[in-house]
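Letters A, B, C and D mark the chains as written, and numbering starts fresh at 1 in each.
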Amino acid sequence: MIRLSLYIYRNPILHFVSSPISTSLSLLTLSLQFEVQMSFAKKEYEFLKEIGLGPHNLGCYASGVWRGNGPVITSINPSNNQAIAEVTEASTEDYEEGMKACFEAAKTWMQIPAPKRGEIVRQIGDALRAKLQQLGRLVSLEMGKILAEGIGEVQEIIDMCDFAVGLSRQLNGSIIPSERPNHMMLEMWNPLGIVGVITAFNFPCAVLGWNACLALVCGDCVVWKGAPTTPLITIAMTKIVAGVLEKNNLPGAIFTSFCGGAEIGQAIAKDTRIPLVSFTGSSKVGLMVQKTVNERFGKCLLELSGNNAIIVMDDADIQLAARSVLFAAVGTAGQRCTTCRRLLLHESIYQRVLDQLLEVYKQVKIGDPLLSGTLLGPLHTRAARENFEKGIEIIKSQALAVSKNGGKILTGGSAIESEGNFVQPTIVEISPNADVVKEELFAPVLYVMKFQTLKEAIEINNSVPQGLSSSMFTHKPEVIFKWIG
Amino acid sequence: MIRLSLYIYRNPILHFVSSPISTSLSLLTLSLQFEVQMSFAKKEYEFLKEIGLGPHNLGCYASGVWRGNGPVITSINPSNNQAIAEVTEASTEDYEEGMKACFEAAKTWMQIPAPKRGEIVRQIGDALRAKLQQLGRLVSLEMGKILAEGIGEVQEIIDMCDFAVGLSRQLNGSIIPSERPNHMMLEMWNPLGIVGVITAFNFPCAVLGWNACLALVCGDCVVWKGAPTTPLITIAMTKIVAGVLEKNNLPGAIFTSFCGGAEIGQAIAKDTRIPLVSFTGSSKVGLMVQKTVNERFGKCLLELSGNNAIIVMDDADIQLAARSVLFAAVGTAGQRCTTCRRLLLHESIYQRVLDQLLEVYKQVKIGDPLLSGTLLGPLHTRAARENFEKGIEIIKSQALAVSKNGGKILTGGSAIESEGNFVQPTIVEISPNADVVKEELFAPVLYVMKFQTLKEAIEINNSVPQGLSSSMFTHKPEVIFKWIG
Amino acid sequence: MIRLSLYIYRNPILHFVSSPISTSLSLLTLSLQFEVQMSFAKKEYEFLKEIGLGPHNLGCYASGVWRGNGPVITSINPSNNQAIAEVTEASTEDYEEGMKACFEAAKTWMQIPAPKRGEIVRQIGDALRAKLQQLGRLVSLEMGKILAEGIGEVQEIIDMCDFAVGLSRQLNGSIIPSERPNHMMLEMWNPLGIVGVITAFNFPCAVLGWNACLALVCGDCVVWKGAPTTPLITIAMTKIVAGVLEKNNLPGAIFTSFCGGAEIGQAIAKDTRIPLVSFTGSSKVGLMVQKTVNERFGKCLLELSGNNAIIVMDDADIQLAARSVLFAAVGTAGQRCTTCRRLLLHESIYQRVLDQLLEVYKQVKIGDPLLSGTLLGPLHTRAARENFEKGIEIIKSQALAVSKNGGKILTGGSAIESEGNFVQPTIVEISPNADVVKEELFAPVLYVMKFQTLKEAIEINNSVPQGLSSSMFTHKPEVIFKWIG
Amino acid sequence: MIRLSLYIYRNPILHFVSSPISTSLSLLTLSLQFEVQMSFAKKEYEFLKEIGLGPHNLGCYASGVWRGNGPVITSINPSNNQAIAEVTEASTEDYEEGMKACFEAAKTWMQIPAPKRGEIVRQIGDALRAKLQQLGRLVSLEMGKILAEGIGEVQEIIDMCDFAVGLSRQLNGSIIPSERPNHMMLEMWNPLGIVGVITAFNFPCAVLGWNACLALVCGDCVVWKGAPTTPLITIAMTKIVAGVLEKNNLPGAIFTSFCGGAEIGQAIAKDTRIPLVSFTGSSKVGLMVQKTVNERFGKCLLELSGNNAIIVMDDADIQLAARSVLFAAVGTAGQRCTTCRRLLLHESIYQRVLDQLLEVYKQVKIGDPLLSGTLLGPLHTRAARENFEKGIEIIKSQALAVSKNGGKILTGGSAIESEGNFVQPTIVEISPNADVVKEELFAPVLYVMKFQTLKEAIEINNSVPQGLSSSMFTHKPEVIFKWIG
């Protein structure tokens, strides 16, 4: 079996696959039909043609051919909830056709020498580099994150490609001298065959990159299902990869891609032709996927929930800390895998940090993520915005319950009246024991709390059930090494 | 070729091979004859019998047999310059006999599976553990370092043995998938055959351990020449190893050992049967060995001179620093590979550190290294003591020349009247530009200097021609990472 | 998290945890009571005292104290189905007490420097070495494998200890230069805390060694549940480890051990204090354990079913192949993780190999595994013997159904009339398509089949649902590399 | 210190730096002046303009500026000994200016994050890819190897660039848990500063690639001196690198390049600013460089002489062997680092292989290396051609002396009458004991000899003083593993 060693560098992180949303969107299809034509007429959408997108798109790249016999859905711009374009998702027949071809292509791909596979991945990196601006704009447009983040996400795949090229010459096996005379053991890494990749809306292409670049150099074909609400990114990315495969006269089925919802996800989880499934999304869905995959003796790579804290010690550089917290809590509108949800402040600098933070929160520019200067774009869907409002209600009710520990909204706390899914960046003063703190609200809501000792801060940090990629601000080496173990 | 990867962890360090001394000692042989008998009658020397030593010893273990046809020398106790025992060194005929057998034994040893070689090294470790106290006492007696250091040095070989056992199951080669279809490259580590090890008086057995443990598990035979002034340690160590080889019915020539001087050293350097020579000693002799070995296309591992500094920053824990400096400058009577020779103090804490240091220097107990409580034993030879006195004269003269930069002996500065080679631990206040600072005085002499900025401190640290294993005291992570690169 | 990297070297293998048996045995307790006393009076059982066993034993080492408040069971000698000794298993209260102490001990153990933990593991290795003969005899007596295998299994843990000592100095983290200037990433391995180890009857101590040696040097405490039918081995092994911990003044709870059945196994699977559970046994139970552990976000190491083939090519050394097949199919009475269950012979040498094999099968000496010369001991339990007989019935019925493909018992096929659980080593000529070939019969039954091409042989090899550690006999490098990938 | 680990994969190999030739060429400068203008007017030389070359070229890239104040030399086409273009070499003043700037640039380059350095190397790879055909033609034109080899050599650097990009994210240091509680050791790789690279005529750019790509990602500046007879390649390669540095606003001095002879080579060897010197060339010059570098405590990477054998066993695929021998002995006109100089044939297939070989040698097409179909181009210089003729005389005389062992020229043996440096591919039947076999004749001369056993063949293989990258043809795995150790 192939090791995909990059994954050991990451803690479990929080993503969402919002499959119910895909259903409700398909109900809206008809009424949005006209709008789609209009959108594409707009000047600011012209760049979409440069990456192969039109008003109506087939959402399934199977056996090297674009097809789509499933439901027609509409991709929505979260800044104004207007349609961008239509996509025909994969049907279960499309899935089966695609997987058959992929299974055949796997036999070809694993026979190609690893460094040659690396050369293909290098070309994919170059093809992405040539369309970096357009792909970055599309991420920003369809997902809602600001442009710098959109471009940064595409750059991340490019970096992964470059890195994987080097790895393609390092997939060494071992010759192990045994304890028996004239006896030698050979150990080689063989491709698994096919790796399934199920990604979430918040990183609609970077997560593909982590998985696909490694899988491809390792000799595995890739089957990708992107999030149902970011189908255009799925299609645009796939077109780049498909172009490189075609140019090299390789079967397109080496990279098979499906736009679709829970049904396609379940098909992947159950498919014995896919020995490894990488899933990014909620803990709840992740556990279900894992169970299904394990039952057929497959393996899973899971990237699930996170509830990260930033701890600011009494000796910290407060300005640096405040700036970093802003970026960590508000970036990607709080929908990031590593969003900071809890801010733990040492009592001696509690008020000073908080004052600085409230000051910088006031200056956050909210609006169209494609506009220069915007720091906070919309939440990804109307449903997410509603979820934010429900969350704020719960916070308010719990804040009361634990009122002796403080507990109040210091800034923000409302959705913004507009066509889009905009909400205010929010800071809540609350006790670490409040129930709501142990849950995830996938929005720019930051819980602030006070601590007295490092030990206490670490205990609070570890008191939530989700995965952690927490961080700390301090100058003291002894605290640093205590922190990292 | 085999990699001996441990060596990458060490900077070049200063040791001495005092070959002239071996000559002068052999001239003294006759007059010391009677004394040797007397020493062995003493109760405190009885433990020597437990590790196979007597008043007269053969100094060559060749072809699994103890022999010696070279000059008879006397091992001297540096605490009183009285004889401990006599040793007959190897003649060049002994050398040639030994190497012939070793060359044959190499064919046997490299055929034994690596994990089985590891098992032999494990047994050597256990045999050393059983005689830890006696071997440690002998190091202390013959070399002059205090007992804790003597035992610590033997423990270091034991640790190396345990570590090497694990390595014996990790000598993996690689299977490298190439860029050609159906093509595979195999890469294996093969034993070199024989590794020559030339060690110095100041670590008369640990340095053997670093080399021999790795060489043996790698499948190489070992040819060892210890320092001419520590022949008893060479013999006692060899007897332990020989015992294990015999018990396992292996050729004794796998570990071939010669007491001897420059002549044997040169024979090793020139010997085309020895593809790798590890040498520890002075830079001057090291370069000569390297040149000789390279000319016959052999390889060298060199451990040469050092001139290490300790930098104390303004935020350092001063008590911790003072204690560490004492240990680093006075330990092994300043004859250690990593002895601190230069103390760089930030101007703001200069006087405070110096005061503390002078205080602790006063309390250093000087005397018989075997006695509990002693912190500073004798220098290794009478010649080293004379060298110390000459060095002090030069320091005094240069201190005058650079008087505007300070420059004076703050404590110590004299040899101690006694039968042994004792000298006072010495602190000298001096400019970093003084010539004497850039040379090595292999004795407990510490040069103290002042600096204002980190940049300046690093420049002073790097301004000497010798190797460095310097260190720094600070709490600031940014300074730490600047320091380590 | 700590990597336990050794596990990547092993394919999933077939073991059994026969929890129903533990229940039926406890029903037998009363009637066996007297017999136990008698057994211990026997001269051949005297060695049990030397490893701390008596006629009545407490089966739970918790918090450094021997206790046992669960059911009293009897350990049975599979050669004669007579009792060896009694064991009081752990109750759920014992479990909870033990885990509380273990959880506390984990805080201590992870603070001890890794090389010091390595030193403890080295001492465990030495303590095992001192009792190698007795422990090997016990494995043979209680499990039923022949003495050479019993001793070999204990030697395997000793080797693991030696290997782990080396690893204790290699648990390095990384300093990763990032793409940002003056930015550095530190990555360290931290102990998990507690590793749960559930082992099976067929390797009652080696599997513990693979897990415990690595876990201990990594800084994890170990909680062990051995198989319910090999409690004496569990106790004897634990006493060795406990002795070392005590001698070093460490909490006994660092190594916590429970004799018990499914109830204790389930408690481990559910216990959130145990982030990693290593399970060896049937695929069915393994999947259940994995599901339970995953639901609480724990991780699993599984060693499950195997159905291994030996492929003999037309150019093979036939004598070597026949000897190897005998060892692979009959060793440990076919109850080994890597037992060969299917023999694939190239048609051109089919009859020759078969003739040789039938010849050597005739000479297999069956009997008391402790007697010198015995090659085949009893099956582990009376139930296993009955299972063998049922399996033979199925084979016979299927052989008829596929008669056109051959299908008949060539040798063996019967249980042997005796007090013990002995069966005949059996060879069955059968089609690769017969259903029974795709199931596991945990007994010395070998299915022989014919093939024409390498491709066909590899397809047959891969046509079973279980894990594989198959092998091949050939001289051709191109076939070898085809085979390994 | 930085490890340049790639070098461990290569055996010492034979290259030539023919510094006397550069002197004699400069004497010819005047008379060739006109010819140079003519050459550049030729249509087939037009491609040189596309890689920045003209009739007169400055041969020193120092401090980011092209200059040249040393002797003017002429680059000669070995196919007709006519001038291609003129180059003004570096003077010692140019060298000193260049090194000063390089030493300053090193401070900048080592501060740039490793992955950013990798990005520069990636761009260099892309810039080379864009000029692959032209650079390959130039190698063929100026060095004399056939076009496929010329292009292949440039491709090798491109591959090194791609590989090094991946390495730029893997230069990890270590965090080593020590045996002391709460103690941690950090180990980081720091750049050396400057790496000197002295390359030979036969691989005028690939060897630069091995060194420079690794050095650059490691944070080291590069100082390159190419062979005096291939200055156009040196200049063209440097222009590619310089272009990338300029485009990224980096100091050109990061890559400093000198056309020049022995004087510049000696300056590099002596220069204390260059801690590591990589040298490729003759063993004689290599030893001198090493000695000079070592005396100033610098380090060397040497690629020296080779005398490789191909062993053909009795079971070998004879056609495959014959084809491979042709390529190995005649490729690059026998001037390759891994040229096969000795063919060892098992007596049972001796005549059959020889017959086949003589047959294929007859079909070798000799001529202009740029023409399609040519298999054997000219030797690199007129002097090399003369050397070939002298070598043949010696062979003939020794063949007589050992006539009882056979010894005669079976094919070839003459230079070819032409304007260029062409010689016939030559096969000589000779005893392995003949003196001439132990020397190197850097030309397409193959010595054929007979052996009876594998042991004998390995002894013959190892009986020469030069480095080895020998190979063997067999089907037997036991022979393969015997062969590789």
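Please note the rule applied: a residue touches a chain if its C-beta (ideal position, glycine included) is under 8 Å from a C-beta of that chain, and two chains touch if they have at least 3 such contacts.
Protein names from UniProt, one per chain: A, B, C, D = aldehyde dehydrogenase (NAD(+)).
Please read all numbers here as calculations on a predicted model, not as lab measurements.
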Between chain pairs A-D and B-D, which one is joined by a greater number of C-beta pairs in contact? A-D
Going by the average position of its CA atoms, which chain sits the greatest distance from subunit D? C
Where the CA atoms of subunit A average out and where those of subunit B average out, how many Å apart are those spots? 56
Could you tell me the distance, in whole angstrom, between the mean C-alpha positions of subunit A and subunit D? 48
List the centre-to-centre spacing of subunit B and subunit D in whole Å, with centres computed as mean CA coordinates. 42
Out of subunit C, which residues touch more than one other chain, so two or more? 115, 186-188
Can you tell me which positions in subunit B touch subunit D when the two form their complex? 1, 3, 8-9, 186-188, 190, 283, 287, 290-291, 294-295, 297, 484-485
State the interface residues of subunit D toward subunit A in the complex, per the touch definition above. 115, 118-119, 122, 126, 159, 162-167, 169-170, 182, 184, 481
Residue ranges of subunit B touching subunit A (in the complex, touch as defined): 111-116, 171-181, 183, 186-188, 475-477, 480
